[in-house]
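Every chain is named by a letter (A, B, C, D, E and F) in the order it is written, and numbering of its residues begins at 1.
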Amino acid sequence: MRPSGRAPDALRSIRLDINVSKYAEGSCLAVFGDTQVLCLATVEEKVPPFLRNSGRGWVTAEYGMLPRATNERTEREASKGKQSGRTLEIQRLIGRSLRAVIDLGGFGERQIRLDCDVLQADGGTRTAAITGSFVALHIALAHMRKLGAMPAMPIKDHVAAISCGIFQGVPVLDLDYAEDSNADADANFVLTGTGQIVEIQGTAEKKPFSDAEFGQLFGLARKGIGELVALQREAIRKAG
Amino acid sequence: MRPSGRAPDALRSIRLDINVSKYAEGSCLAVFGDTQVLCLATVEEKVPPFLRNSGRGWVTAEYGMLPRATNERTEREASKGKQSGRTLEIQRLIGRSLRAVIDLGGFGERQIRLDCDVLQADGGTRTAAITGSFVALHIALAHMRKLGAMPAMPIKDHVAAISCGIFQGVPVLDLDYAEDSNADADANFVLTGTGQIVEIQGTAEKKPFSDAEFGQLFGLARKGIGELVALQREAIRKAG
Amino acid sequence: MRPSGRAPDALRSIRLDINVSKYAEGSCLAVFGDTQVLCLATVEEKVPPFLRNSGRGWVTAEYGMLPRATNERTEREASKGKQSGRTLEIQRLIGRSLRAVIDLGGFGERQIRLDCDVLQADGGTRTAAITGSFVALHIALAHMRKLGAMPAMPIKDHVAAISCGIFQGVPVLDLDYAEDSNADADANFVLTGTGQIVEIQGTAEKKPFSDAEFGQLFGLARKGIGELVALQREAIRKAG
Amino acid sequence: MRPSGRAPDALRSIRLDINVSKYAEGSCLAVFGDTQVLCLATVEEKVPPFLRNSGRGWVTAEYGMLPRATNERTEREASKGKQSGRTLEIQRLIGRSLRAVIDLGGFGERQIRLDCDVLQADGGTRTAAITGSFVALHIALAHMRKLGAMPAMPIKDHVAAISCGIFQGVPVLDLDYAEDSNADADANFVLTGTGQIVEIQGTAEKKPFSDAEFGQLFGLARKGIGELVALQREAIRKAG
Amino acid sequence: MRPSGRAPDALRSIRLDINVSKYAEGSCLAVFGDTQVLCLATVEEKVPPFLRNSGRGWVTAEYGMLPRATNERTEREASKGKQSGRTLEIQRLIGRSLRAVIDLGGFGERQIRLDCDVLQADGGTRTAAITGSFVALHIALAHMRKLGAMPAMPIKDHVAAISCGIFQGVPVLDLDYAEDSNADADANFVLTGTGQIVEIQGTAEKKPFSDAEFGQLFGLARKGIGELVALQREAIRKAG
Amino acid sequence: MRPSGRAPDALRSIRLDINVSKYAEGSCLAVFGDTQVLCLATVEEKVPPFLRNSGRGWVTAEYGMLPRATNERTEREASKGKQSGRTLEIQRLIGRSLRAVIDLGGFGERQIRLDCDVLQADGGTRTAAITGSFVALHIALAHMRKLGAMPAMPIKDHVAAISCGIFQGVPVLDLDYAEDSNADADANFVLTGTGQIVEIQGTAEKKPFSDAEFGQLFGLARKGIGELVALQREAIRKAG
C-alpha cells in the first residue's frame, strides 16, 4: 500500500501552468502533487565560448531549491558559497535531456537558459523540472519564431521524465518523498514523445535489483511519460 | 504622472497570502503589485554561539532572488559562489527590523529563521520581505505557543516597511521598478504599528535632497504603513 | 554623562592629515578620537564595463579593518576568503556618498578608487571614512587637474558624515565605541556642505524611537557636519 | 570498425595491480588500456556525523584527475578552488556502488575512504575506478579483519563496472576516448558478481535510442563485467 | 651607485616605534626607510588543535598589505577571496622565525598571534615584519609576565632579519624597491642576536650566483642584523 | 645512525624514468627512494598577460600531492577549495628554479607548464620535483625544436635540487621523512650543473644553527647534486 493510497501505476495530480512569469520568454510551473518547480526560460543573444562563430545555439539549465522547500530546512547554497554535487548533477541532467530533442543548429547563435527552482519538494523534483522545462523552452522558442528569429520550430520531439521505484517490494510510479526515502531501488527515466530513451538512471538504494524488476520499472515509466506528454501538448496548445 | 497611473500616495495592490507552504512553521507570500516575495519561517531548536546558555532566542533572515525574477536575468548567487553586498545588506535589515518588535527573552533558546525569496521583482522587494516576514513570524510564534513552548506571544508591536521616493520632482509612495530606477531620491521606512521608527534609509540617487522633501517622504510612509499594518492584522486574524 | 566626559553636542578631537602616502594620488588620515582611518585615492585610467565609451568616469570605495583594530581581534577577511556583509555595506555607502557630490561627466573615462583602511577603531569608522575620503578625492582631482586632465574641478559640494545616537536617554553627537555598543538608537547622517541630505541611516538598536528623537539627532548632526566641513576646507587649503 | 581494431564485445587489456602504495590500507592500480586509475583505501576511526553512535560504518569515495591525464590539459581543480560537477557526480557514483555490496553494520564505526586518482585517461575512468576500488576496499577490509577489527568479511558480493555505447551504429563494449567522444549513445553499468543491477546510467549523446539498443548494450555489459569480476577474484587471491 | 646614494653596507633609516596601538598586548611600527609595517601582538587563551592539553603554547603570524601600499595598486585580497602564494609564504616565514627563539613551553597553553600589516611598501617588508614582530612579541610577553602568567620570560634570544642583494654587480645591504626589482640575486637572512642562523632564503633573480657572492651577502647581513638587534634592545628597554 | 642505514653523504636510490605519459610533450617520473613525483610538461601556445607581444615565453609549475601519498591521509585540496600555503610555496620555487636556467627569449611566445604530482611521499618531494621537471622540460623543448619551433635549445645549464639536514647532530644528505620530521635543521639547495646557486632555503627546525654547520650542509649538497646531474644527463641522452 502506497502512503498516498495511489495505485502502483498512478501518477500524482499533475499541473503544468504556463505564463507564470512577467519577464521570462517562456515559463511553466510544474506541479507534481506537493512538488512545485518553477521553470523559466531566458533567451540570451550569446553562446558559450566553444560555440562562437559556429552558427549553432545552446540550451542549458540551472537548478536550485529554496532552503525551506523541504521538511528539514537545508542550508542556502548561495550562503554556503557552493552548489552541492546533487545540484550540479541534476542541472547537468536537465540540460542534456533538453538538448536531446532540440535542433541546436536551428535557432542561431543564441543560448536558452532554463532556471528550475524548486519552491516545494515532495520527491521527483528533477523529473518535474525536465517535464516543465520542456514546456517553458517550447514557449520561448515559439516566441522567438514569432519575432522572426527562425523559420521553423527547432524541436524534434517532446521530452518528459518520471521516477519509478520498488517500494515495499512493489514497483510503483512517480515516487513521492515518503516512498523515495524508503525505496529499495529507484530509477529516473527520460523519454521522448515517441518513446525513445534519452536518459536512464537506475540506482539500488538498499539492495541490488534484477533485470526483471528493472523491466517492470521501465514499463511503468512508459505509461507515466505517455500521460505527461499529453499534458505537455495541452499546455503548449493553450500557450498558442 | 506615475507610470502606473497611481496617485502619489497610493500603494500598489497588496496581498499577504498565508499558509502557502506545506512545511514551514509560518508562511506568507507578500505580493506588492508585480513583486512577489515568499517568506517562510523555520523554528530551530538551537541559537547562535553568542546566545548559548543565555535563556534567550534569536530571529534572523536570509534573502535571495531567483535569477529570472527580474527583466534582465541576474547570475545565480549559488553558482557565483557568493552573495552580493546588496543581498547581505537586505537580509541584515530584515533581521534587525523583526528583532526590534520581538521579545527575544520570551520564546526560549530557539532561533527563528525567515527565508525571504523573491519570486518576481518589480521594486520594493525588501519592504515586501519585511512586511510579509512579520506575518510569517507571527504565525510561527502562535504555532509554538499552541504547542506550549511559551505562555504568551513575545511580540511587542507590528513592524512593516514601505519605500517612498521623489520621482520627476513629486514625492510618491511605494515605488515600482520603473520609478525606482529613475528616482531622484528614495527612502525605505520601517515603522512599528504605533508609528515608532525602527529603520530609516534615505539615499540621494541623483541629487541631494532637502529636509522638507525628506519630511514629505516620511508623511507618505506613515500613511502607507498604516494600510500595511491593517492588512497584516487581517492576515493574522485569518491564520487564527 | 558620556563615558568620555564630552558635552552631548561635542565632537571628539578630529584631525584630517593630508599627504600621508608616498604613492597615492590623494591621501588623508582621518582621526576621530581613537578612530584612525587611512583614506587613499587611486586614479585608474579605465572605467567599469557599464561606462565604457560613455565619456563618463566613476568613483568607488573599498573598506577594510585591520584584524586588531578593535579590542577583540576579528578574523582577517583575506584569510576567511570573503568580506563580511558589514564591510560590503559600508563600502557601498562610501562610494554612493562621494558620487553624490561629484560630476561624473567632468573627469573623463577614469575611475577613482578610495581605499579606506581602519588602522584603529573606536566607533564611527564609516563616518570618518566618508569625511576623510572626500579630502583624499579632492586632492587626487586637483592633482589630475594640474596635469591637465580636465579644465575645472568636477566637485559640486563638500560631503561629510557623522553618527548620532540616544545614549542613556540623551541624544549625543559622534558616538565612540563605549556609547555605540550601548545606544538605544543611532543614526548616520551624510550631508553636503550646503546642508542637503545625501544619506540617512537610522536604526533602533534597542527600542524603536520617535519622530521627535529623530529630529534631535538630525539637529546634532547638522552642527557636527558644519564643523567637519570647516576642517575639510582647511585640509584642502593646506594641500594647495 | 573500432579505432582500436577490437571486436565489438572485446574489453581492452585490463590489469588490476595490487599493493602499489607504501601507506594505504588497501591499494589497486586499475589499468584499462591506456586508462590508469590509482585506487587507495584509507581506514578512518571515525564516521560522518549522521552515523555517530549508530554502531555502523561508512564507505565513501573521492575522485580526481591529474591536469595532464588527458590530451588537452585541464585546469587543476585545487587551483580553480572547486571540484567540477562531473567530478562530484563520479565520486558520488563510486561511493554508492561500493556501499551496495558492503554490510555497513559489519566493521564497526569506521569510515573507509577510497581515493581514485586518474593518472592517465583514455575513456572509462569511472568504471575503472569502481572496479579497482572494490579490490582496494577488499584488501583494506581483509587487513582490518586480520587485526581483529571484525569476525567476518562484511562483503556481500563483488561489484564492477563497464561502459558500453553505440559507435557508428554498432553496440560496442568498453569505450576508449576515441569512441566515447563520438558515440551516439553510451551507458555505464555497475553490476554485482551475481549479475544484479547496482547502477545504470544511460545517456543519448547524439540521438535518443531504442529499447532494443539498450538491451544490446546491457548484454555486452554482462559479458564484460563477468570478465572483470574474474580479474578481481584473481587480484584478491594474490593479495592473500 | 645605489639609487638612494647609500653606501653598499648601509641600512636605511630604521625606526622601531612601540606602543602604537590602543588595544594590542604588544605593538611596534617597524619603519625601514619608506617601508612601514605595523606589527600587533594578540594574546589568545587557546591553542591550535594539535597542541590542546600539551601544556605548550604557539606563536603564529599573519601578513597583509594595504592595496595602495605600493606604487601600482594591488587588488585587495579580502575582495579577491584568497591570499596570494606570496602572502602565505611570508606569513609562514614570520611565524617560523619567531618560534625559533621562543620557549613554547614557557607561557602556558596560549597562542600569540602577530598581525603584520604593511601600510607602505618600498622593499624589505618581510624583514621589517620579522624585526618589528619580535619587539611586539617581547612587549606582549612582558605584559603577560607582569600579570603573573609565567615566572620568567620565555625568550631565548633576539631574532631580526634583513635582505641583501647583488645590484649592478655590487653586493649591497637592505634593498629598497628600486634595487630589489632590478637585483641579479637577493637573499633574506634571519639571524639570532648571537649570530646563529634561523632562516636563509637566497634566490637568483636574473642569473645564478657563486659561493663567493653568497659569502659576501652573508657578511653584509651580519653587519645589518647587528645594528637591528641594537635597535630592538633600545625599543624593548623603552617599553619597560 | 640514519634510520635507512645510509652513509651521511649517500643519496637514496634515484630513478628518472622518461616518457611515462601518453599525452604530455615531456614527462619524467622522479623516484627518490619511496618518494615518487610525476613531472609532466605541457606546451601552451599562449603566455601570461604580462608577456603578450613581448616575443618572450614563460615556464611555470604547479604542484599537488595525492591525498594518501602520505602515511596520514591529508584532505584533498580540490575538495577544501584552496591550495595550502605549502603547496603555493613549493610550486613557486619549482617555477623560479627552472626559469633560472632557461633562455625565456628562445622559444617564442609560448608557456611551458610543469605539473608535478606526488604519487607517494617520503621526504624530498620538492627536490625530486625540480630534478624531474628539468628532464621533462628538456624533453618538451627538444620535441618543440624537432618540430621547428626554434633553431637551438634555449637551455643554459642543468638545474637540480637536494635537501640536507642535521639529524641527531650529524649533517646528512637527502633526508627521508623519518629524518626530515626530526631534523634539527634542514636546507634545500637548488644548483646548476656548473655548481652555481639558484636557490638556497635553510631553516632551523628545532634550534638555530651555525655558519660552520651551514657550510657542511652546502658541501653535501654539492656532492648530491653532482650525482643528480649525471642521472639527468643519462635520462636526456636516452630520450634522444
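In this section, contacts are C-beta pairs under 8 Å (C-beta built on N, C-alpha and C of every residue); 3 or more make two chains touch, one makes a residue touch a chain.
Please read these numbers as outputs of a predicted model, since none were measured by experiment.
In the absence of subunit E, grouping the other chains by touching gives one piece. Two copies of one sequence, subunit A and subunit D, touch each other mainly through matching residues, since over half of the numbers at the interface are common to both. When chain centres are set by their Cα atoms, the one at the greatest distance from subunit F is B.
Here the spacing of subunit C and subunit F, counted between their Cα centres, is 51 Å.
Remark: subunit A and subunit B have CA centroids separated by 33 Å (rounded to whole angstrom). Rounded to whole angstrom units, the spacing between the C-alpha centres of subunit C and subunit D is 59. In subunit F, the residues that touch at least two other chains are 81-82.
The touch graph of the protein chains shown is a ring with every node of degree two. In ring order, beginning at subunit B and turning toward subunit C, the chains are B, C, E, F, D, A. Within the complex, the subunit D residues that touch subunit A are 82, 84-86, 88-89, 91-92, 96, 100-101, 157, 185, 187, 191-192, 196-204, 207-211, 213-214, 218. Remark: subunit B residues 21-24, 34, 38, 40, 42, 44, 62, 64, 66-71, 73, 76-83, 87, 113, 115, 117, 119-120, 122 touch subunit A in the complex.
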